[in-house]
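Each of the next two complexes has chain A plus one other chain: chain B in the first, chain C in the second.
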Partner chain A sequence: MATSTTDTQDMAPGSVHGKPYAVATTFDTSHELLSAIRGIRKKGYRKLDAYTPFPIHGIDEALGERRSKLGFVIGGGALAGILTALGLQWWTAAVDYPIIIGGKPFFAIEYAVPITFELMVLFASFAAVFGMLAFNGLPRFNHPIFNYENYARVTDDGFVLVVERDGNHFEPVAIVELLNELGGKNTEVVHEDA
Partner chain B sequence: MAENASHSAQTYTGDAFRLSEGAYNKVRVILMGLAAVGWLLLIAGYFLDHERFFRSYLLNYVYSLTFVVGALFFVMVEHASGATWSVVLRRISESIMMVIPIAALFFVPLLFDLHGIYEWTHEAVVAKDPYLFEKSAYLNVPFFIARAVIYFAIWSFLAFKLWGWSTAQDTDRDFAYTAKSRRLSAFGLLLLTFTFSLAAVDWVMSLMPHWFSTMFGLYMYAGCATGFTGMLILISLAFRSNGILDRAITEEHYHDLGKWLYAFNIFWAYCAFSQYMLIWYGNLTEETIFFQHRFQGSWEYVSKLLIFGHFLIPFVLLVTLWAKRNLAVLGAMAALLVAMHYVDVYWLIMGSFYLDGVQLHWLDAAGLLALLPTFGLFFWMRLAKQHIVPVGDLRFERSLHFHQV
Partner chain C sequence: MADLAIKPNTQLDLLNTTIDQPLITGEPTYHSITESVSRVVENPPSKFWFGLIAVTASLLLMLQVMLGYLVATGIGVWGNNIPIGWAWDITNFVWWIGIGHAGTLISAILFLLRQRWRTGINRAAEAMTLFAVACAGIYPLFHTGRPWRAIYWLLPYPNTMQIWPNFRSPLEWDVFAVSTYFTVSVLFWFVGLLPDLATIRDRATGWRRKIYGFFSLGWRGSARHWKHYELAYLVLAGLSTPLVLSVHSIVSFDFAVSILPGWHTTIFPPYFVAGAVFSGFGMVLTLLIITRKALGIEHLITLKHIDYMCKVMLAMSMVVGYSYASEYFIAWFSVVDGERFAFYNRITGPYAWAAWTMITCNVIAPIPLWWQAVRKNITAVFIITIFVNIGMWYERFVIIVISLHRDFLPSSWDYFHPTYVDICTFIGTMGLFLTLYLLFIKYVPMIAIAEVKHAVSHDIEKGAHH
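Coming up: the complex of A and B.
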């Protein structure tokens, strides 16, 4: 799409009315992207995101990403699975309807372990999948970054850096200038849909 | 990355990555001293308590051998999977693996008292016992020895081939060796798994010849892999504190070693529980007898020690990323598992001799002191002869700069 910014705004009516979401810019190499990330962080910008055609070593550290809390959610899911399985097996077999099967005790840890293990895995997997979706704000139908015209290059050869709005304090013009200084191309203010 | 690689290639192809004369001699003297004391005690024990000598010897022989077999397993898994991260650790593993031919020699003393160790070698007993009589097609002395020869021949063949290719690659950096090693390892892993399972049945399970479990070989195999990984971590940490490979083996490698240790410990517990639960559920006399004796008397505490010390405690303490990257925690867990692996082998072997309870004997310690440093000494002498990392492997540079994603 070789259209200008103005054309895009005409084609997508409403986007011009939305609040500014971020300033986005594109680099040609991962090296330029990484050094620009370091440059913009030095200026105090923290709410950054990067979109790249392939995973880049060290980009999490450069962006200052903290370790995901997903592990704790998964741990909680696993614990819930263990308690559910043990509780269910103990209550049904030893309390609610005790019946002798194969000369075994009403409840024994030996026979309970496989089901406990399976339920632990199941609940942990659910926690992993749904926790991941929740942390990523998914599912959603659209994302403001798609309003960035150059965004399609991310799946080809573009390395996109996004400086997102941090609360109400947002000076797009200054950021655009800064990103251009750092070597960004096609720098644009991206708006949310109205 | 590109700059790093060319830089380190210049730095490392010289005399770096070799053991210094001083470090080599120091460790060699320590190992020789320990082994000398051990062998003196062990030989004295042979005259003092003939029966216990062979039992202790078997225990410590099997324990020491598991590290050697574990090393062969580790090297072949690395080759078969084309792993990059572990290339810096491979020469250490290969040097341990090369103890196999020596270990075969140390199997010979057991042959002098098979009668004292294995009930099924007594023809009079077998003739009266229909179960043992049926099993005698497999459990008989000539076939037992022949199988041991076959196991050691196969393991030695794999070890020599992989070692030869790996060391030849140090000088000519020919990728063909990597390809050959991968092909051999894929097949070799099958061979090792099969033969080691049978070896576990022959040497350990047949101590209780009426009892049987199809899980037993895999159970010991999992113990091998766990114990070896623990030992590899301990060796790497000992190197690190003496400035050997301290920049080559980084936290990133320890993190992966921690995962490996953790995974195999869970696999060990999985095998242990699968074996136990099926026997518990089936509740057949000839199967439950194994656990019956191990839940009686002082063996009960050993069994519980294994559940907590070998599985639950390392499982909880090593679960986080932080713990696997914290060298103090990782080292403590590796040491715990190497020790628990001994308890496990003790439980398996001595549990079949002393049915009513644990009977500790100084010969157990003497045997450990004799055999483990002896194997260690041959490992050490092997390691000192060439580069202590596979410098010719094309993945070596990438392994040095390996990072977790």
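Coming up: the complex of A and C.
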């Protein structure tokens, strides 16, 4: 998802590193990361991402990210669960093979409630988990950010800010300088192939 | 467990969530949290660990032998016989599934209530949920005697007999409730694990890196990941909360929807849920008291965690005690002979010893928890949790066996005797549970690393700024 640039113009043939993907830098705290994001957005950079050990409050607003649309997927899952459960219980008991049990009606909403609830939860949970993975493009075992020398700190104690290449407009040297000014450490150009 | 032990290099106190008390005493950093938890996974297993798992795996083997014997011979190898058609099998089923409830309660309900102290214990409690439900699932499956046939008795799929399960039966609701509960618990647990598996991946080399990398699904910790992740986690918590309440309610319907005195009561759903939470916290405390000591993570699972869990347990003990009293009152108040007899027989009949064991363990034993000194005394808490574990097993035994053993026809009254297969199967499921738990604490980060960092980030960064 992050490497959505489509141009292959500047792919240097025979280059050791492949084309540059982004400039990455590391901060020690989430506050520093947040103020750096605000700082670099003021300079007009929009294709940003941040890599953090835990979710940071307010980072979506700082990055200009919109709210997750996962809720619609989950709602669809819940609805599918309800319809499946009601359909299954009604069709098997009242249409396909009606059996009189204790003189009770073939189908009644009351007895259908527990299974309808359970399947709603089940389908909604599947929608939440697999929807989350799909929106995040996971599983994906290879990604240019893993080429960042300092990446291992992301899942430990590092707050990494990434300015991604935006089409052909990419001036790594200027971005490195800017990120260093903003207090970033271990700033480097990350390439698509290590 | 010398080589499993970690130096308590941080003094985390996740429980002080009030403003006047800091979340952390001492000088922990994000990195020290990573270290504390990861080292348990990274150090090679100790001889003590191997010794323990040798014992539990032997018990697991015994379970397999017993189940194999049951399948080859028939359910006559168990002691149940008419009128006691359900005995240890369903007692153990309800006991295990009840134990599972604490995990979901801690991970989902306390998450929604924003109880930050849960982050120290939720991972282990969720794992216990999975393992307990796995143990529980064995009983309904094998009490059919022919588990492979249970597939078409229980699951609605088009089979050659062209007949469908009876959806009007609470036993069928139970199939859906338990399998949904297990599946959703696995999903919830796994989603919570993703960032922590990535942490282990990034610290590992060689084949370990590949394995943890595979299971972390390539998690990168991107802000876009977290955005969807947080919503998914919140919704899973929101879905699990009513789910956990529904599961034991539906388990109670197995009894309450029947017309047997002792089973046919409307108090069962809330009473069963409270009992489940009670026994679940009992088991979580039993295991965590041992685990924190054995792994040297007393600074991550603190006395305050234990104190809070004791309070939940005490509250549930009172709900359970109230439910017992209410059952007797309603039986008397109903002026129905069958009802009155069932409850009179419960405390004075041949099984009076079981009923009084239940009341002693569940209502009287937890009373000392009213005193803080007792809640701070690990040994005392441990002993009380053992009482609770035993008492809650007896509660299910009392409800199931005592209600059945003197049925409507006095000539068929009987007394249940467990066979060695009953006993060995039950001990065997403990082997399964403990084997899975031992594998879990050794190969999976047993404390939610990312969540702990999140919970204490404010305090850590405040320190980093001066």
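Operating definition for what follows: the second predicted complex is superposed on the first by the 165 of 194 C-alpha atoms of A that agree within 3 Å, B and C clash if a C-alpha of one lies under 4 Å from a C-alpha of the other, contacts with A are read in each partner's own complex, and residues count from 1 in each chain.
Basically, a contact is a pair of C-beta atoms (placed from the backbone, for glycine too) under 8 Å apart; a residue touches a chain by one contact, two chains touch by 3 or more.
Everything quoted here is computed from the prediction, not taken from an experiment.
Participant: Considering only touches as defined above, state whether A:S68 meets chain B (first), chain C (second), both or neither.
Facilitator: A:S68: touches chain C, not chain B.
Participant: Contacts for A:G103 in the overlay, against chain B (first) and chain C (second): which applies, first, second, both or neither?
Facilitator: Touch partner of A:G103: chain B, not chain C.
Participant: If we overlay the two complexes on their shared chain A, which of chain B and chain C does A:A174 touch? Say first, second, both or neither.
Facilitator: Neither partner.
Participant: Going by the contact rule set out at the top, does A:V95 touch chain B (first), chain C (second), both, or neither?
Facilitator: Touch partners of A:V95: none, neither chain B nor chain C.
Participant: In the superposed arrangement, does A:A50 touch chain B (first), chain C (second), both or neither?
Facilitator: second
Participant: Contact-wise, after the overlay, does A:P114 reach chain B, chain C, both or neither (first, second, both, neither)?
Facilitator: The answer is both, since A:P114 touches chain B and chain C.
Participant: Determine, for the superposed model, which of the two partners chain B and chain C contacts more residues of chain A.
Facilitator: The partner with more contacted residues on chain A is C.
Participant: On chain A, which stretch or stretches are contacted by chain B in one complex as well as by chain C in the other?
Facilitator: In chain A, positions 55, 67, 71, 104, 111, 114 sit in both the chain B and chain C interfaces.
Participant: Flag every residue of chain A that touches chain C in the complex, lowest number first.
Facilitator: Residues 1-2, 28-31, 49-56, 59-60, 63, 65, 67-68, 70-71, 74, 88-89, 92-93, 96-97, 99, 101, 104, 111-112, 114-115, 117-119, 121-122, 124-126, 128-129, 131-133, 135-136, 138-143, 145-146, 151-152, 154-157.
Participant: Residues of chain B touching chain A in their complex?
Facilitator: 273, 276-277, 280-281, 283, 320-321, 403, 405
Participant: What part of chain A is in contact with chain B in the complex they form?
Facilitator: Contact set of chain A toward chain B: 55, 57-58, 67, 71, 102-104, 110-111, 113-114.
Participant: Can you check the complex and tell me which residues of chain C touch chain A?
Facilitator: Contact set of chain C toward chain A: 29-31, 34, 156, 162-168, 170, 172-173, 176-177, 180, 183-184, 187-188, 190-191, 195, 198-199, 201-203, 213-214, 217-232, 235-236, 239-240, 242-243, 246, 250, 253, 449-451, 453-454, 457, 461, 464-465.
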